[in-house]
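Before we start, here is the structure in question, set down as structure tokens.
Here the chain labels run A, B, C and D in written order, and each chain numbers its own residues starting at 1.
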Amino acid sequence: MLAIGVDIGGTKIAAGAVDEQGRIVASATRRTPAQDPDLLEQAVADAVRELREHHPVVAVGIGAAGFVDADRRTVVFAANLAWRDRPLAANVEALVDLPVVVENDANAAGWAEFRFGPAADAENMLMLTVGTGLGGALVLDGKLIRGAGGFAGELAHMTIVPDGQWCGCGNRGCLEQYTSGSALVRSARAGAIGGDPLLAPLLAAAGGDPAAIDGPLVTRLAQEGDEGARREIAGIGAWLGRGSASIAALLDPEIIVVGGGVIAAGDLLLDPARDAYARSLTARTHRVLAPFVPASMGNEAGMIGAADLARGGSSD
Amino acid sequence: MLAIGVDIGGTKIAAGAVDEQGRIVASATRRTPAQDPDLLEQAVADAVRELREHHPVVAVGIGAAGFVDADRRTVVFAANLAWRDRPLAANVEALVDLPVVVENDANAAGWAEFRFGPAADAENMLMLTVGTGLGGALVLDGKLIRGAGGFAGELAHMTIVPDGQWCGCGNRGCLEQYTSGSALVRSARAGAIGGDPLLAPLLAAAGGDPAAIDGPLVTRLAQEGDEGARREIAGIGAWLGRGSASIAALLDPEIIVVGGGVIAAGDLLLDPARDAYARSLTARTHRVLAPFVPASMGNEAGMIGAADLARGGSSD
Amino acid sequence: MLAIGVDIGGTKIAAGAVDEQGRIVASATRRTPAQDPDLLEQAVADAVRELREHHPVVAVGIGAAGFVDADRRTVVFAANLAWRDRPLAANVEALVDLPVVVENDANAAGWAEFRFGPAADAENMLMLTVGTGLGGALVLDGKLIRGAGGFAGELAHMTIVPDGQWCGCGNRGCLEQYTSGSALVRSARAGAIGGDPLLAPLLAAAGGDPAAIDGPLVTRLAQEGDEGARREIAGIGAWLGRGSASIAALLDPEIIVVGGGVIAAGDLLLDPARDAYARSLTARTHRVLAPFVPASMGNEAGMIGAADLARGGSSD
Amino acid sequence: MLAIGVDIGGTKIAAGAVDEQGRIVASATRRTPAQDPDLLEQAVADAVRELREHHPVVAVGIGAAGFVDADRRTVVFAANLAWRDRPLAANVEALVDLPVVVENDANAAGWAEFRFGPAADAENMLMLTVGTGLGGALVLDGKLIRGAGGFAGELAHMTIVPDGQWCGCGNRGCLEQYTSGSALVRSARAGAIGGDPLLAPLLAAAGGDPAAIDGPLVTRLAQEGDEGARREIAGIGAWLGRGSASIAALLDPEIIVVGGGVIAAGDLLLDPARDAYARSLTARTHRVLAPFVPASMGNEAGMIGAADLARGGSSD
């Protein structure tokens, strides 16, 4: 039984026919008409039609950045697309005559990791996606947690430092300001500007221009053994561990999956997270510590998870 | 269909036969043999037998302070009782020949508020119990959240201030150190010792002895209009709101129930919590803000909730 | 006995002949050749010559943004001008044949407030200049404090919030990030973006564009009674008081003078500072609290202070 | 020319005749009548008389814990002795017929380090005394800084962590709560209670009782190479460095002297302080970093410094 998963990115719509083992059997892409919701829905429908030509499918799942209501029908708000209270599921259903569910993209990707990735044997998973920003997904007792209004999983905006770094959301000290690719780059640049001698090799690798320091450069130098770059990655790793420990005090997950571009740093990121987690978690001597493991589903996680959710996938 | 709920406190065991509407139809008490687990179980069984003489019951639910495993059978650790990995459910079942479930007492009390209290119409509830310490319970999609090992709900030990006040749990900056009866008293005493003129009336009411300032005194003066006492309660209220906003970013509850002794201060506690919550919650303009409401089930919440959980109570 | 004070700004050089009571008897201005140190020194010399045509002067004092060495001869580093280890005093002396001293501009302005402004009767003064950034000056026992290398008074870069807002200096949580015109604007914009209802009038006054909120607008609305604008100014005022309390724990000043553009807000800024200071200062019941008073010497403070320092002005 | 220095401790009065090179040529001790100010002054006078029998002296300097007014005549307040606005200098002068000056004991000890210890060649010194609590002394341009009311040097009560650990002074987040012997012990005990595996050897060395962990034990294990003990000392060392960096931003000292019992840990304390200082100090690339050096004058520093101050010692 196949379902189609659609991942709507800022520039590209990626659709795939996904089987019950999470394998993509066919795929199709379209450009994203970011400023026109009608055209965007038609592009989605068009990709769905292309896949259906050769594959019978039972449902469509759409993953999109933004707040999706608890019924998984409406995009309440999306920062990068022209959606405000858009009844996306109903609109696409009208175009393709298949049941459609909409899901926040981080939730969809998290669901793929839970169903087919490193958390496939777990019932309780915390997922953190450390990309430019920070995303998250929660599965408790085998269920994706959406919250009363569909807004759950916004762990990026837990306040982790009172009076801390301002966040684009209008608050200060949000976790995303401390553990994300942006946080990594900002810290490395600031240290380089401040003349930190440990960051001299990184600055040199950036041609002497602090503004040329970016995440891949820090990661590359760290992998080559550069101490300054390693310290910077360890810095955001430690906050990843501390933030996870607060979440674990509340939710007691059995596994913590870490995805996103920064996971390219591997254990250079995860080991400091593990250390900080072990030191920050309350009652740590009375419980089994959840392991931190890298996500395994890659860029197609959102598509696969959306398809599985549309099919009514569950962990049972 | 009646079930018995048992609330094991540090000095008293309170048992009650509870009906399906959460009403206590009969009750029995015993003293707590805190240092002898065998005697304690016999005392529980004895109270159960007393209630069964006149009431047919189908199950027994036991609420106890401490970590209870996810199967709700074993007390892993209790700070105040002599339990370490104690198979409490099995032991009591052997004595009373009824199915027994064990639950953390804050979870049991939270369940009562969810089923029969102010959250009766909700599916997603955050409960915070502000007593001497801070307790918590979570219900998501109608299910009490226990976590992988039964340790969920320990919101008291989320880190809210890095490098903050040391906590008895061995970490620093735990939420309990900022919003609890102990936090209230410590702040009021420190201010009085430091000569804060706004706290002069409170200090005078304590006979000039900072150590004589306690929670009920602060609450009483606050209710009488004393500005210093009100500021102190507002202080822990603001942290209650900030902590709740971090939790809400993660879980998006539809209602926040506040119980515990400090709730005697009513809106003097809750209004600052509401303000801080509204100011701290991410994406607040896109969502409905969860209301903060006082718990209504009183001291019997633990007993009632334990009974309902034993009966397999659900919100459906 | 007249001395010339020169205030080198980013766009304008302002020079004045100043008498022993701190009065400007004549003035001259030149444009700042910011990128050419030689031309800049010639422009200074030119302004000095113009003033000397009609006024006998004994010395020249130059105030400039940047780090000036402890001998008051050399500009070690200036962020906005093309000086690196520039022997400014010697160079200007060679051009004008008068003794020249160089002083950091915040120090020079602070000295004017100490000699002729609200601190004229004091021996120990803390001055904070709350402009776009934050400047400072210290006078202890009647002496301007320069430190071992001339770097004293950089109170803007005391760490006030560990892991706080990044600062352009390469550190986090610097006081300047919490109390300055920039901090005020950033906070007001963030609140407006975040949808804070209290900031709706401010946002409306900015034509609905958060980026159009600036310091003068916040101050004007605050003076007109707008609650949101007042709260924002009170926010940076409270940090001003807290920072001052830490400095006072260390240095025990008898008066705290506050200058800079943000002081236009008057007691809307200073009252919250006074409150926070009184609540944060250690041993406050055993000591007289230093008053917070506005600076009175205006934009000419730097010129006047530089002149007085050149003349060897002292408080005796 | 000899002067007598008197160090009034909680249990012992130590007096010494001190020469102009800071050498003690004779000494005398008395027990401290802590609760009777009259008897205490007589005991001081008695010790002075004993020393004068064989040594001609020109003045008496008394060092005492507490707040001493700026005229160095009156003890405003002392936590451990029965003094409140006590005219100690006048009273002792009446008994011994010699000029008497009173000085805060940390100031007196700091002065000894400045005149005869590692800062003998400096003009600007920051001294921190890391004992059970935290003391401090400042010398700027060769002058001991007392502040307007004699309260300067209370660096222990600079706020270093907003909303941090409560302090006995009535404030939160004071530096003393983060770098002091008490802070060291509290952290080590908390970690041991929390089950930190790195602290297992320390806990074992304390016989398994966290309450038996004390400062000398942590220091001993650290010196023997124990990783957990070293981490704990490094923890308070890092805060020592961070606090010093904030002070240095303000005052730009040329040397930082560290005394007190915890300095027994030597570079295990100072190296982390140096690292944190270098990373936290603003504009670090433009200036010479002040060295951290251990105090050298030992327990007699207070006596020697008080004597030198009484004689009118200066660095010129």
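Quick note on the criterion: a contact is a pair of C-beta atoms (placed from the backbone, for glycine too) under 8 Å apart; a residue touches a chain by one contact, two chains touch by 3 or more.
Source: prediction; values computed, not measured.
J.: Applying the touch definition from the top, give me the chains sitting in contact with each of chain A and chain C.
T.: B, D
J.: So chain A and chain D: same face meeting same face, with over half the numbers shared, or different?
T.: Homomeric contact, same residues on both sides for the most part.
J.: If you average the CA coordinates per chain, which chain's centre is most distant from that of chain C?
T.: If we average the C-alpha coordinates per chain, B ends up farthest from chain C.
J.: How many angstrom lie between the centres of chain C and chain D, each centre taken as the mean Cα position?
T.: That gives a centre separation of 34 Å.
J.: Could you give the separation in Å between the centres of chain A and chain D, each centre being the mean of its C-alpha atoms?
T.: From the centre of chain A to the centre of chain D is 52 Å.
J.: List the centre-to-centre spacing of chain B and chain D in whole Å, with centres computed as mean CA coordinates.
T.: 46
J.: Among all residues of chain B, which ones touch two or more of the remaining chains?
T.: 161-163, 167, 169-171, 194-196
J.: Report the residues of chain B in contact with chain D in the complex, numbered from low to high.
T.: Where chain B meets chain D, its residues are 161, 163-172, 178, 186-187, 190-196.
J.: Which residues of chain D touch chain A once you look at their complex with the stated criterion?
T.: 162-163, 194-196, 279, 284-285
J.: In the complex formed with chain D, which residues of chain C make contact?
T.: 67, 76-77, 122-124, 136, 138, 140-141, 143, 145-162, 169-171, 174, 242, 245-247, 249-254, 280, 282-283, 286-288, 290
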